[in-house]
Amino acid sequence: MIYIERRERFSAAHQLYNPNWTEEQNEAVFGKCANQNFHGHNFEMIVTVKGEVNPDTGFVMNLTDLKEIIRTNVTDKLDHKNLNLDVDFLHGKMTSTENIAIEAWKIIAPKIAEHGATLHCIRLVETENNAVEYYGE
Amino acid sequence: MIYIERRERFSAAHQLYNPNWTEEQNEAVFGKCANQNFHGHNFEMIVTVKGEVNPDTGFVMNLTDLKEIIRTNVTDKLDHKNLNLDVDFLHGKMTSTENIAIEAWKIIAPKIAEHGATLHCIRLVETENNAVEYYGE
Amino acid sequence: MIYIERRERFSAAHQLYNPNWTEEQNEAVFGKCANQNFHGHNFEMIVTVKGEVNPDTGFVMNLTDLKEIIRTNVTDKLDHKNLNLDVDFLHGKMTSTENIAIEAWKIIAPKIAEHGATLHCIRLVETENNAVEYYGE
Amino acid sequence: MIYIERRERFSAAHQLYNPNWTEEQNEAVFGKCANQNFHGHNFEMIVTVKGEVNPDTGFVMNLTDLKEIIRTNVTDKLDHKNLNLDVDFLHGKMTSTENIAIEAWKIIAPKIAEHGATLHCIRLVETENNAVEYYGE
Amino acid sequence: MIYIERRERFSAAHQLYNPNWTEEQNEAVFGKCANQNFHGHNFEMIVTVKGEVNPDTGFVMNLTDLKEIIRTNVTDKLDHKNLNLDVDFLHGKMTSTENIAIEAWKIIAPKIAEHGATLHCIRLVETENNAVEYYGE
Amino acid sequence: MIYIERRERFSAAHQLYNPNWTEEQNEAVFGKCANQNFHGHNFEMIVTVKGEVNPDTGFVMNLTDLKEIIRTNVTDKLDHKNLNLDVDFLHGKMTSTENIAIEAWKIIAPKIAEHGATLHCIRLVETENNAVEYYGE
């Protein structure tokens, strides 16, 4: 068993705002992230896949395939988008890094299984100081 | 003469869209940056100041002062903001990195002069692949 | 269950020197790190916390709270300090990265538990080539 | 139990080409990595070791020893080399990052055990977007 | 006048070997870089262009155009290639970073001039410790 | 004319404290940097040299020579040292990054001239946010 990882990037706008709360509650919990005009980030998504090494290729899985799965299904849909307004799989959800990672997992995991490998982790980096990791449990 | 630099960061939403153009022209020139719902970035602003070393301090200028000038006058006004909607000194301008750097220069340069030093360069990094530098000429 | 992490930084002096040993033993084991006049580093402390996502916020824990816990209890006490002389929770201990991470764990873990989350890992980076991770076991 | 890690680097040429396959098969699977004249990378190898902290030193293991083990046994044999032609422990193997990490594990693990610690992970970074991790299972 | 820059990357094999010299001379001057089986690097090429800001776009030059110029004319021809064997514009030249930057300048400068901007600098990074910059003089 | 650069690193302790001033003045100007027990950093020194390319080597100057000049004369004398107490060429000076860069210039410039090249810049990075550059004027 070995683990391979691929980093993809996307630049997006979002806001953290709970419509069931008052303005004051949103301000208290989300602070400047609650700005109704949105702010944004350069996000990095690092996808880790595990599996056995194929002796013919030396690969767990072809990174070209992994790259295509991530881009086509997730990062192309997030890049230069507004995460609150433009992304079907995030509609009605708080667009926290936690939720983005969880939703990306649901989409990517079955695609990777089709290639005989197993999704292990989705890491999402929001700033140089903040990140989340989800292992699908 | 020696050069000192300070990096500050801000996360913001913006769009590149010229209201005098058709949708098609905007799409052709700005591509996915023209998304009307905005996208965003983690920006880094690196401000370089030049001057003589003060023998009592070993400093061209106290970096604590330089940090305060950048934050109070520029990056606090850009952080977690929408550059097209929320920022007075960018109103009516294309919010390209070029223009942000130029407007920041106009604001910061006289503040640095008050400390006996000279603004040399504003570098603005938008992604790990793209940046601009402005020397005020 | 999801994992969130926050990076904080501190710049500090220290030395690695065992007072129960001879100068020669210290030199043999710690080499240039044994310099009695101290040396120093820019340290990065990355704290990882795990828990369930709160559906109202999309958060495991508010990163603003996590940042405050780390700064108030640990990194503000280490920043611009001498780890051998100035830090109460390191008195009488070798100031290796291993020991700093372990002592930070003892302080931070109960504070995070008060927020309904669980401390998972403290990672301490000393140089671009050296780091430790502690999982509290 | 605590984990320490050390990063070492090497710059090497390689190709991904299966001699049992046709040119077309190699092209289809390995793409531009199949170039018969080789290409190359700056690789980073991060070795993580786990163990108990020695109270006399504050160390799991002396990083100077760990550095020497990695350099002497692995990275000095890979640096400025052709991984397909110059490296005895890779002869006859696909020089994928997966296989390099696995072969390095076989060499390094017993050397670390001699120092009373346990090899935990070999991470091999090939580009800023691609990496593998091997835990020896 | 403002400066914009774009980073592109390529991974390539090369060797530093002067065929007019003896093996011993090559070894003495180029050391391990003279390995006849080649070694390799992940190179970064940062191209800086200067010009006036166009008020309609806020751009000196469209970064999409700059990216295409660099890729089509230079980095696509270097990526996953052997710089000594596969690259027409480097034939018969020492493949030092100095020479790669100079040859790239000759190719890129006129293409940028066609877009009304001026090539200012080509920076070529070979490792995290080594780089060159060429200003075309 | 082309510019080559080499990065070297050193980890050191220092303090910013003017002995001609009162404790209060030092605190007011240097803040936490005035800690009498010292603090420290991982410094990076990037040395840029300019010259003509030698057609036999493709080099302005052999980077192995440049590395040796920097290490032997400067960074080996600063690494794991106390800049206020252990370094002869900094005795009696404020150990600001400005002054370290200026003193390093005086030492390195003539050594580089012996190799037929010209020192262009010494860049000294103190933290990820702070740096200085000196051009010898």
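Order of writing sets the labels: A, B, C, D, E and F. Residues in every chain begin at 1.
In this section, a contact is a pair of C-beta atoms (placed from the backbone, for glycine too) under 8 Å apart; a residue touches a chain by one contact, two chains touch by 3 or more.
Keep in mind the model is a prediction, meaning the values are calculated, not measured.
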{"item": "Lowest number of touching-chain links that must be crossed from subunit E to subunit F", "value": "1"}
{"item": "Partner chains that subunit A and subunit F have in common", "value": "B, C"}
{"item": "Interface copy of E-F among C-F, D-E or A-C, judged by whether over half of the contact pairs recur", "value": "A-C"}
{"item": "Pair of chains joined by more contacts [C-beta pairs], C-F or A-D", "value": "C-F"}
{"item": "Euclidean distance of C-alpha centroids - subunit C vs subunit D, Å", "value": "28"}
{"item": "Centre-of-Cα separation between subunit E and subunit A, whole angstrom", "value": "34"}
{"item": "Interface hub residues of subunit C, defined as touching at least two other chains", "value": "128"}
{"item": "Contacting chain pairs - touch in the sense defined above", "value": "A-B, A-C, A-D, B-E, B-F, C-D, C-F, D-E, E-F"}
{"item": "Residue numbers on subunit A that touch subunit C, as the complex places them", "value": "16, 18, 20-21, 29-31, 93-99, 101-102, 128-135, 137"}
{"item": "Contact footprint of subunit F on subunit C as seen in their complex", "value": "9, 11-14, 32-33, 35, 37-42, 79-82, 85-86, 127-128"}
{"item": "Parts of subunit B lying in touch with subunit F, wherever the complex brings them together", "value": "1-8, 48, 53, 55-60, 62-64"}
